[in-house]
Structures are given as C-alpha cells and as structure tokens.
Amino acid sequence: MNPAVNPALRVLPEIILTIFGILVMLADATMPKTASRKPLGWLAVLGALAALAASFWQQSLPAGDAFYGVVRTDAFSVFFHVLIAGIVLASLLIALDAVSDTTEGLGELFALILFGAVGMMFMTSAVELLLVFIALEISSISTYIMAGFRRKTAKGPESALKYFLLGSFATAFFLYGIALIFGATGTTRIPGIASAITTGHAPAIVYIGLAMLIIGLGFKVSAAPFHVWTPDVYEGAPSPVVALMSTAPKAAAFAILLRIVYGAFPLLHDHWTPVLWWLAVLSMTIGNLGALRQRNVKRLLAYSSIAHAGYLLVAFAALSADGIAAASFYAVAYAAMNVGIFAVVSHAGGYDDRLTLIEDYRGLAYRSPLLGGAMAFFLISLIGIPFTGGFFGKFYVFVAALQSGLIWLAIIGLVNSGIAAWYYLRVATAIYSRPAESSPIHAGPRPSFALLLALVITVSGTLILGIFPGGVLSSARAAAATYTSVSPAPPVPGTAQR
Amino acid sequence: MHLALFLIFGALCVAGALNLLLQRHPINSALSLIVVMSSLAVLYLLLGAEFLAAAQVIVYAGAIMVLFTFVIMLLNAGREERTRGSKMAYVIGFPGAAVLLALLAYVFISHSGDFHRVHVGEYVVSTAALSGVLFRDLLLPFEVTSILILIAILGAVALARKEH
Amino acid sequence: MVPISWYLILSAILFSIGVAAFLIKRNIITVFMSIELMLNAVNLTFVAFAQQWHMVSGQIFVFFVMVVAAAEAAVGLAIIIAVFRARSTLNVDQIDLMKL
Amino acid sequence: MLNASILTLITFVPTLGAIVVLLLPRRGRVIPAFALLVALVTFVLSLHLPAHYDYAQHGFQFVIDVPWIAHPAIHYHLGIDGLSLWLVLLTTFLGPIGVLVSWRAIEHRTKEFYSLFLLQQTAMIGVFVALDLFLYYAFWELSLVPMAILIAMFGRRRGPRAALKFFVYTFLPSALLLVAIIWLYAQTGTFDFVQLQAKLAAGGFASGALWWVSIAFLVAFAVKVPVFPLHGWLADVIEEAPTAMAMVVAGKLGLYSLFRFNLGLFPAQVREIAPLLVALGVIGLLYGAMVALVQTDVRRVVSYAILSNLSFCIIGIFCFALGGLNGAVYQTINEGLSGGAILVLIAFLYERYGSFDMTQYGGLASRLPMLSTLWIVTTLALIGLPLLNGFVGEFLVLSGSFPVHPGWVAAATVGVILSAGYMLWMAQRIFYGQQSSLVSERPHLDLGMREQLTLWPMAILMVVMGVVSPYWMKAIDPAMSGLANPTAAMHLTASGIAASASTPAPQGGAR
Amino acid sequence: METGLFTFLIVNLIKIVVVVVILLMAVAYTVLLERKLVGRIQNRWGPSRVGPFGLLQPLADGAKLFLKEDLMPLAVERPLYVLAPMIALGCALTSIAVIPFGANIQWHGVDLFQISDVSIGLLILLGITSVGVYGIALSGWSSNNKYSLLGALRASAQVISYELALGLSLVGVVMRAGSLRLRDIVNVQTGHSAVAFLHWNFFEGFQFVAFFVYLMAAYAETNRAPFDLPEAESELTAGYHTEYSSMKFAMFFMAEYANMITVGCVATLLFFGGWSSPFGHFLSGSGRISTAILAVFWFVVKVFFFLFLYIWVRGTLPRFRYDQLMGFGWKFLVPVAIANIVVTGLWMGLRLPVH
C-alpha cells in the first residue's frame, strides 16, 4: 500500500456518485410534487460526468490497496471504473430522453442508477469477497427495482419478480461459494486465497466453492444455462434501464469473475477453464439460437446479450494476458454498441414500449433517417462488421482464443456470429423496408438533445473502437498486465514455426 | 450437553425446513422458517457466536419474517395450488437438491478429519472483538452497506407506493 | 464433542432443502422464503468455519448477510406487492405473461 | 511523395465523399452530381497507377506499410501488383458508370444511396490493395454491408429477402475465413501477406491444419465468386439489386481473393483440391449455360450467364497453366466490364418498357438502333468474338488449360458454344422479329446523352482490350507466372520480400 | 462451571418458578392498579367490592377467566389460533429472564437476583420483544375475522416501525457502557455521592432524548395507549383478540401487562440506574442482606413509577390516528434517535481522548 495516497482517493468515483445520488434524493424530496423531475436527471448526468472524470484521474494513481486491503485500484479496476461511469452517463441521457415530465418515480430512478453504479464500481475494485458480495447486491438490488419500475404495466412487476427471485437464488449460491472457499482457505481476501492455494490441486471444497461462485456470477452475466431470466427481464424493464443493466452490471460481474478466477485461483486453471469453455459454447449457441425465433426486439437483444456473454467467456477461457485484455476490450465495445442500440429502441419505443415487435420497426429508417441509420449501424457492429467496435472486439477475442490453441472454441464462436448475422439482419432489413400502410409506427417525438448526446457518445465510441482501437487496447492490456504475474505464460506466437 | 443441544436444535432445523417444503399454506411455511431461524440462533450460540445469535433472532425472526407474515396477511395469500408447472419442478427439484446434498455431504464427510471439534465456550467471540474487526478492517464494506439499505428503502417506496 | 463437519452437513441439508423448495414451491412468497432458508444455511456454514479457523471475519460475514437479507426482503416483498396489484395472483405459474 | 499515398487516396477519397454526401442538402441533383465527381476524381487518381507502374518489377508497388495497432500486430499495409492493378482500375472505372446508371433509377433517399455506394467503392478498392490480412478481411467484410443495405433499400420488391440471403451466404463462410486468418496469426505472429507467404513457404506447419485453413479460405471466396454449388444467392441478387450493385456484386472480389490468397499462400494445398474445382467449374459452366437457355427473364439469363462465365475463370485458375491463369485474370476483368455493361443495358431497357420478360419484346432494333448496337457489341464480347475482350480471355483459358485437363476443358468448350446460343437467342428475341405490342405501344426514346456516356466508355474499352491485350498482359503475366508453379512462387516471394525490404516503405516500389 | 449440571438445572428451575410467580402476581395487581388509577383519573372509584379496596379483584377476575367456556370459533385456523396466545405470553414472560432486579449477590455460585446473566442481555431483550409480535399477528390472522386481521396488520406494521426507533434509542446507552450486559450498563450509572442519580444515563449521559424516544417506542411496542391501535375498540371491536375468550384471552391480557413490566424494568436499568440507590450510600445497604433487599426495593420503586406512568398516559392522552402514528415513528422518532447517536458519539469522542 502506498502510504502517500489518501484512501478516499481510491474510492473517489464511488464517493462522487454516492454524493450525487443523495443530492438527487434530497432534491427530489424537496421539490414540489408537480414539478418536472428532469433537472434531477441532469444533476445525475453531472454526477456521472464527475465520476467519469474522477475515474480517468484515477489512472494516475499508483496501484495499491486501501481500507486495510479491501479495495484495490490498479489499471484493471480503473479501466472498468471508466467504462461503468461512461455507461451510466449514456444511460442517464437515454433515460432523460425517454421519460416525460409526468413519469412516475423519476427522482428515485435517477438516484437508483447512481447508487447502483456505486455497487458496480466497487465490484471492480474490491479484493475482499465481502465487499464483492455487498457491491454485487447493491448493483443487483438496484437493477431489480429498476426492472420493475413501470409498475402499472403487467409486465414490469413480473420482470422484476423473475429477475429478483432468480437473482437472489444465484446470490445464495455465490454466497455459499464464498463460505466454502473461506472454509477451505481461512480467508476471504482474493490475494489471500491465491496464496493459500499453492499447488494445482486443492481440497474438493475449493472446487465446489469455485463452482458455486461461477454459478452465481454466471447468473449475473446471463451466461447459459443460467440465462433464463434475461429475455423476460429485458422485455419487461424500461428500455433506458435495459441499456444500463445489459452492460454495466455485466461488465462489473465479468470484472469480478476475472478477478476471482485469475486472481484467486490462478493455479487451478486446469479445472476452471473447461467450465468456462462450456459456458462460452452454451451461451453463444443458446443465445443465438434463441434469438433466431424472437419477434420482440427487446427479447431478441436479450438473447443477443447472452450470446455476447458467450463471446466474452471465450476470452476468459483463453487463459492469457491477451485473453484478459480481449475480454476487457470486448466489454467496452459491447457496452458502446448495446447502449447505443437501446438508445434508439428507447427513443423509438418510448418509456412505455410503443414498438415491440420487429414488424413495428418496419420503415424506421424512412420515418427517421437518424434513428434508423444509428440502429442499423449498431446492428452492424453487433454482427461484427469491420471498422466497428463489435468487429475488433470479437476479432481480438478470437485472436486470444486461437493463440491459446482453442481452435474449436473459435470456430464455434465464429460460426455462431455467422448465425447471429441472420437475426440482426432481420431487424436491419425491417428498418430499411418500406413500412406497411397500416403500420402504427411513429418514430416518437423529435430526438432530444440528451438522445443526440447519447448517440454521439455511443456511435463515436463504436467507431473509434473499430478504427483506432489502439488507445483502449493499450489500457486493456495494461489492465491485463495486472494478472500477468499469476497467469500462466501464453504460447508465444510463432513457436510452431521455429 | 453440546451434543444433545446440537442434536435437538439440528433436528428442529431440519424438521422446520422440511415443513416449509411440505406445508401448502404460506403462513405455515413462514412459521416453519421462523423455527429454523430460531434454532439456528441456538446453534450459533453453541458455535460461540453470541452476537450473531441475538442478531439472528432480532433481524431474521423479528424483522424479516415479520415482514413476510405481514405481506402474507396483507395479500391474504391462500393455499398453494398445484399446477402443471409444479410437476415439472418436482422432476428437477428433488433430484437436483439431492445431488447437491450428496455432493456436499460426501465432501464434508471425506474431509471430516481436517475439522476441529467444538466445545462449548471454547472460542467465544465477544461483541467487542467483533466490532473491532468490523469497524477497522471491514470499515469500508460496513459503510457501503448503508448505500445498500438506502437503495432498498428507495426501491421499496418506489415499488409499493400507493397509486395517486 | 461435536465435529464441525456435522454443522457443515446440517447446513448443506438446509441449503439443499432450500434449493428444492425454491424449485418446487408455487407461491411466490414461499419461493422467496426458500431463498431466505438458503441464506440461513450459508450463514451456518460461515459461523461453523469461523469456529474452525477461529476467525472473526467469518461471523462478520454473517452479519452482512443479514443486512443484505433484510434489504432483499424489503425490496422483494415490495416487488411481490407490486406483482399482486398488477396480476392479483401469487402463483408462480400464472406469472407467465412473457414466455420463458 | 504521391506514390506512397496514392493507394490511400484512391481508397479513402470515396469515403470522404460519402461523408460529404451525408451533409449535402437534398436538393435537385446535387447529390448524384457530387457522387459522380467523387467517382471521377477517384478514377483519375487511379490512372496514376498504370502510368507509374514499373512493369519490369515483380512484387508489390506503391507500398505503404505503417503500424496501425500495436498488439495484435496489425499494419496499415497497402500495395498492388499486376493482378490488383487492373482490378483497382476496373473498380474505379465502374464507379462513375454506377453513378450514371443510377442517375434516374434512384429518385428517393439519394443521400443514403450515394453515400453507401461510395463506401462500397472504398471497400472494394480496399480489398484489392490491402496486404495485411486483417486489413484485407476488414475491407472484405465491409464490402458486404453497403451492398446488403443497398439491395434491401433500393432493390425491387423482394430486395430485403435477397439482401438477407446474400449476406448470410457470404457472411457465414467469412466467419470461418476469420478463424483461418487468426489461426495463421496465432501460428506465425503476423498478418502481413508478404511475411506470411514467406513463412508458409518455409514450411513447418502441421499439414492437416494448414489444409483446413486453405479450405476455409477457399470456401469463403468460392461463395463470393460464386462457384457452382454455392451460387444460390446470385440469381436473386442480380434480379433484385439496383443495377449499380448488380454490376459489382459477383466475380472480381472472390476471384481476386482466390488468386491472391489461395494460390499465393497455399500453393500445395490448392493443387491437391484443384481437380475438384476444375470439375465444379465445368459443371457450373454447363449448368449455368443450360439454365440460361430456358429462361425468359432477361435478368435471369444474365445472372446464369455470369455464373457460367465465372466458372470459366475457375477452370482457368485451377489448371495452373500460365496461359490459363492469365486468361482467368483477363476474363475476370472482362466479366466485370461486359457483365456490367449488359446489366446497364437491361436497366435502360427496363426504364423504357418496364418489363424483364423477353417474350414481351421483339423488333426493337429498328426503333432503338443505338441501344441495339451496344447490346449486340456487348453480347459479342460476352460470347468471345475475336477482336473483343472476351475472346482473349476465353482463348487463353482454353488453350492454357487444355493440356492439363483435356477432358474437362473439352466439355467446357461446349459451354462456350451454349453461351453463344443463349446470348444470341436473347438478342434475337428482343431486337429482331416482329414488333411486340409492348414495344409498339411505348414511345421510342433511344439512348440519351447520359446513357451514352455510361455505355460508350465500356464499349470502347471492350474493343481496346480485345485489340491491345498485351498492354494489360505485361502486368498480369509476371504476377501470374509466380502462381503458375510453386517453385517459381517461392522465388517470387523471395524477391517480393527483397523488394519490400530493400525499398523503404514510403517510397513504394515504383519510380 | 463450579456447580454440577444437575444443581445448575435445579437452582435455575427454582429461580424461574419464583420469578414467574412473582411476575404473574405483579401482572395481576398491575391490572388492578390500572383500573384503580384510571378510575381516579376519570373521577370514579374503580374496583372496590372484592376484598379491601378491591384488593382481591384480580383473583376474582382470574377465576372468572379460568372458568369461562373456551369458545373455539368454527372458521379459525385451529393450530395457529391456539398457538398465538402462547407465543404472546411466552415471549412476555421469557424476557424477564435476563433482567437483573437486584445487586449481583451470589449464593453458592448462583446469582440470586437474575435468572441468567448473559453478555448480550440487551440484545436478547430486543430479540424476544421482536418475536413477541408473532403472537398478535398470528392471532389476528388465524381468527379469520376482518377486525382481527386489521388489528394484526396494524400491530405488525407498528411493531416493526417502532422497533427501529427503539433499537436506535438504546445505542447511546450501549455506547456509554461499552457493553451489552445489563449489569454493566447499570454499573456505569452507579455512583457513591449523595447525588448519585446524576450519574444516571438519564442525566449524565445526555440520554434523556434517548429515554423519551425509548419510552414512546416502547409504548408503541406494547400496543398501549396512545398507540393502542391494534385493539382500538372504537374501530376494530377488540382488534386481534376479538375472537378470543376465556383462558386464551387471559393470556393476551397477561402478556400485555407483563410486557409493560418488562419495559418498566428496561427503562429502569438503562436510564435510571437500575437497582442502585439514587442517593449513593444512602439507603443502599451495608450488609449482604440489607444490600440485597434495598437494591430490590429501589428497583421495584422505579419500575412502579414506570407502571404508574403507563397508566397515567393511558388515562390522559387520546389515541393516534394511524397515519399520524406511522409519521411520528418514521419522521420524528427515528431521526431523533439517529441524531442522539451522533451527538452521543461526538460527546464521547470529545470527552475521551483517543487511546
């Protein structure tokens, strides 16, 4: 621990978000009942911006622990801090665009987004499983609530309920996993666990514990076969919330999964890589096959997010610094394009989901070239067409996989991405086909400034990640370097030839 | 005496849990769960966790489960119906749980040599010792918990608020 | 006297019953209660291991689990109330507006 | 230095144009005019290439090689050789023609159309000039998107379906191609074509794995060409796509890639599988010709004619005779030119009479002499009449390949005769005989200024290419001689490396 | 353990029996006290017929309740209906187990004036109190009567809400004592000067705020006026125990008064120096026996004061409306309790240098 660094600085973005969350709450309570809550949204945006700035600033901190070894800021956690702050910023803008002045519970919504972000950020910087657990719960509970925010509808509470029940079920497994690991090693600090397991073999309890941790996190990242909640929740939750919860908590959960498997159990990789291998294959396949037969756009995107979780897990299974970097990079790329596409869905469909089915999106490009074009662009990125973040992310993931000799995984993955093209294109072609005369489509109100801002962020993010990925890539590699000491050396390129 | 207490309250726990599983009316299930929780409190005492035992009773039995019964009463939940879904669940539920149990039990039994035996009063954690660790080493998680609670309050208010 | 492993097995039994109940019970509230049962089982494991290692942190974990459980209960029951208001049923199988 | 940046310019000027198009007002014909300007500028820029190309030198010229992404090691590496030189020019040449042919056909959403069209130009040129496999793949995939969107948005009634079919057909194998490319990177640590060629030639790889990699390459390209059993998308796309896209959708991208990568990287593996491909080529040729014979829809005839012609190129490639390869390259260019021209003609015909059914036409020759003349010229070019470009290619392919697979090539000759049959029959049914009611009812507008501007350059080029083929051949021949036999390929590779190593990157190969 | 298991059990059993009997007697006479006092407040006599000054009235009441027919309505949820009063009374009686009602005087290693001296006594008290609500909740629900159910719902909500304020109000006291053991808490407040009562938490620890919060929360917890909404007879007949009769009714009745006594005991212990003499050595005894007796004397006096206060409040204040009740609990008591904790913490931090 570097004594020169004030511990508060190591959790600065979290502190900022908390303060702004409380400010939003207080302002909400003091404002007159009938006043518009949108200014609160801008206040929250301000908070997210400040947190983003603080996260960037954290890059200048020397790596180290704080609060008696409970949190650690290093390149890895700061990388994800920035990502989460960015996602929250964009999601808030989307929410600001989608809601109307009369939308119920807006103050709470904005506060919940900010508080949830605190949990997500702590997930990425925690090295004590207790804090991981608390942070995971903060992020989960806030998303449970937000999922059911449209409580007047029949689907809103239902989706919250499903999410809640299955999520808590998973939490129990996660917790049992922690308990068993604690029992086997006598510690809940991630570095402590790593130093307690000194060989490639561990007591059976450790394996069961690790399996339960993976089950628990598998639920959170919606990896198959723990994905059943995803489509329902995405369908029932308001679109701006889906934009957030399909990216930020997932990125955080992936970060902590990385921390756990690479940071705490590096020597047991022989045992967990096959598990991740299968999770990856199942997620990709089930996600893509499931998406094929969806008619509802949000459900389709839910299945697609399962598939994308699978691609990300491919990078995990690669077991190399490149794999970690690829996973981190992919998280960013996926966030950019997915938040972007939900920005469009949220605006076109509105807070109350006027448009749900693919047919409803027919002719979107004709009614609103901006929205249609943006949506097509994000779909293209999701397919993985070059010069978009989606392509480079996928590419890098599979480079990592193939460098580690996971040929079959790469083939399965890329064939899957081929299948995926089919359903993305169904949406894309719908957008670009002439609308039926009787179709009820209206592209919604004029895009607001907030939406434009969100689209600018996500479109430029997706493009930059596709064309000039160097900057983010080097950050991702710096983040991955956090683990190089513990992860086994990747196969050196070109060995086959020499 | 430790053994006797363990057996009594352990059996009570299992009986309560099974009752929760078998009872058809939610309020009976809730009461069974209260029995489990209270028995667990006694087991905590046996394991030297005084503070937790009390907290278990206050928080779980006294607050959380009251909330449950309150909601059951408020919504006037009736007996559970048997539906098509439940048959399916039986097929997955029991074998799944049985496999899990078998696995865990096997592991614990095969490792039983590594574990201590507990004597009453051998290692009792005082509340002061507990708070010593809590407010120093784990201060940050403790503080962060407040955010969690804040979220829970916000959420409960937002979701269960009366219609205007 | 009593080996720790007995406590662990007891907690495993409780956890498994919780899992089974989660899958079998059809009333939302009972399903939720089975999650609480699982959490309690985990708590017992923590306390048992805390005794095994003579470490306070295991017990503190339980303390936090309780807090989390309370928060979860508040939110969960609020969600259940919202569902009930919207659908007038507490049967899991009837909460099926969206195909799984 | 212009030589170093010329390829970058040619590649990205259309992209810049596309972005500007998005910002232009939708007023009058501002957008098409600007797009035409951009396409012309690109074409003029590309004329720099043959003018400064050093025909005496092997290997790549106009090379630019700067690091793009540090890790994984990806370079921005462009360069052309005799093969890609003409394909780049063909593409830039067809650019203005594509704009002109769309001038009236696209009335709505011009902004989208022309920006995507220009983006498509970038992608295609990029495919021909990229020498880094990553960069190449990026352009390759990118070329799918504007194409698919244009077909979906501006195609005819079933456009979206055709676009979907096209995309899925080509995208799935591309995924395997990506696996193969990444596998090569994982094994060699480089995406650079030149380095890869050297490393692969040096050997030391598991032959089985390499074989699968070559298959992945092959399948991806074969779909794009398309080679016989993988041609399912072609007819639909030609039928539905706007003319400017139908002109460029088939042929050159896939064939170029076959030359460059399959033959360039996996000479041994390709030779193992070559007999199969020759057989497929002949089958495709005959199948295409026979199906074309029984069609009445002119677009269908042309689409099967294209399949047939492309199969011809396949035969030429996979016989591995120098003459056959040269002919195949030539034929690739021809196909782009003549096939494009016939599609343009069909479009003009349709604009006048609103029908693709040749049975509804008849006796047009006397009413529209200019159109008929150009149609006949194009038809003759397509069936390989001497003094026109088609003859050179066909002759080279047949004569070069015959010694290698006499039986198959003899069968292919039958296909050539059949192609003459259906093309001429089509011309006969449309332009001669009794005037049909459709023809006599409509006013007779012969080709206008714009339309002539569109077609004459192509017609002239057909003749020029038929007469002075050596001008083209002097660039193609050195490039192909390396591919014709593997030992020479080694030699070529070695010299290629020497060339790129000896000349500093910014200056390129040419003087 | 010095004494054997058997002796341990026997001695404790005797202690329990003695305490329970005394407690039940106290309950009976608290009822009488209430009836008398409320009578006086309302300008009437109260019970005066049975025995001198009506002193035998509780016995008569008891006999009446015992002998009445135990009605079991048909629609009730039978097991829970029976269980509910037992829970209520059980919890009420159990909580007395940890309460020290006299000085720590050992006799053959047995603590005479406390059944069980545990280090987390205060928590156990809170725990038992919080479990007690089940008696009310279940009785209301199992009665299958809407008045009962409403009463039970009110009770549950009220108890949960006020438990928070109650618990928070005690934190200041615990902070001052640094222990959860009730004897330690009392010992902190014990002084030897003539004005020893100034050492009481009520005075010295600035805990009078906490005391008022505690008192109000405790009144709500015991469902007593002005917080007696669960059994508000004007709206709900008799609330949760509408359907109960005879002995089962008596059990609820006794539970309520036992709880009052417990609350009185706790208030005494936490804020008013427990069994210690308010005047230092004055009247605190010198020998073992006198010490013991005087300690119990002071304790009883103080508890009696609280019982008196209970009844006085009941006779004086009107009942809250339900939303007022909730608002008061959440918007007033909880913030005040939290503020009290902060202030106590600051005060202690300033007084005690960091060691």
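A few remarks follow.
The first chain written gets the first letter, and so on, giving A, B, C, D and E; residue counts start at 1 in each chain.
Everything below uses one rule, namely that a contact is a pair of C-beta atoms (placed from the backbone, for glycine too) under 8 Å apart; a residue touches a chain by one contact, two chains touch by 3 or more.
This one's a predicted model, so the numbers in the text were calculated from it and none came from an experiment.
The minimum number of touch steps separating subunit C from subunit E is 2.
Listed by label, the chains touching subunit D and subunit E alike form an empty list.
Of the two chain pairs considered here, A-D and B-E, the higher C-beta contact count falls to A-D. With centres taken as mean CA coordinates, the chain nearest to the overall protein centre is A. Of all the chains, the one whose CA centre sits at the greatest distance from that of subunit C is D.
Subunit B has its Cα centroid 31 Å from the Cα centroid of subunit A. Chain centres here are Cα averages; for subunit A and subunit C they lie 26 Å apart.
Centre-to-centre separation of subunit B and subunit D, using mean CA positions: 70 Å.
The distance from the centre of subunit A to the centre of subunit E, with each centre set as the mean of the Cα atoms, comes to 52 Å. Looking at subunit B, residues 51, 55, 63, 67, 72, 74, 104, 108, 111, 137-138, 141, 145, 148, 151-152, 155, 157, 159 sit in touch with two or more other chains.
The set of subunit D residues that touch two or more partner chains is empty. Multi-chain contact residues, meaning those touching two or more other chains, occur in subunit C at positions 8, 15, 18, 22, 32, 48, 52, 57, 60, 64, 68, 71-72, 75, 79-80, 82. Applying the touch definition to every pair of chains gives A-B, A-C, A-D, B-C, B-E.
Contacts from subunit A toward subunit D in the complex involve residues 322, 365-366, 369, 373, 376, 380, 383-387, 391, 395-396, 398-399, 402-403, 405, 407, 410-411, 414-415, 417-419, 421-422, 425-426, 428-430, 432-433, 469-470, 473-474, 477, 491, 493-494, 496-498. Those residues of subunit A that touch subunit C in the complex are listed here as 130, 133-134, 137, 141, 144-145, 148, 151-162, 164-165, 168-169, 171-172, 175-176, 178-180, 182-183, 186-188, 228, 231-232, 235-236, 299. Listed in rising order, the residues of subunit E touching subunit B in the complex are 5, 77, 80, 118-120, 123-124, 126-131, 133-134, 137-138, 140-141, 149, 152-153, 156-157, 159-160, 163, 167, 178-180. Considering their complex, residues 68-72, 109, 111-112, 134, 137-142, 144-145, 148-149, 152-153, 159-161, 163-164, 167-168, 171-176, 178-179, 182-183, 185-189, 199, 202, 204-206 of subunit D touch subunit A.
Across the complex, subunit C is touched by residues 2-3, 6, 10, 13-14, 17-18, 20-21, 26, 29-30, 33, 36-37, 40, 43-44, 46-49, 51-52, 55-56, 59-60, 63-65, 67-68, 71-72, 74-75, 77, 80-86, 89-90, 92-94, 96-98, 100-101, 104-105, 108-109, 111-112, 115-120, 123, 125, 129-130, 132-134, 137-138, 141, 145, 148-149, 151-153, 155-157, 159-160 of subunit B.
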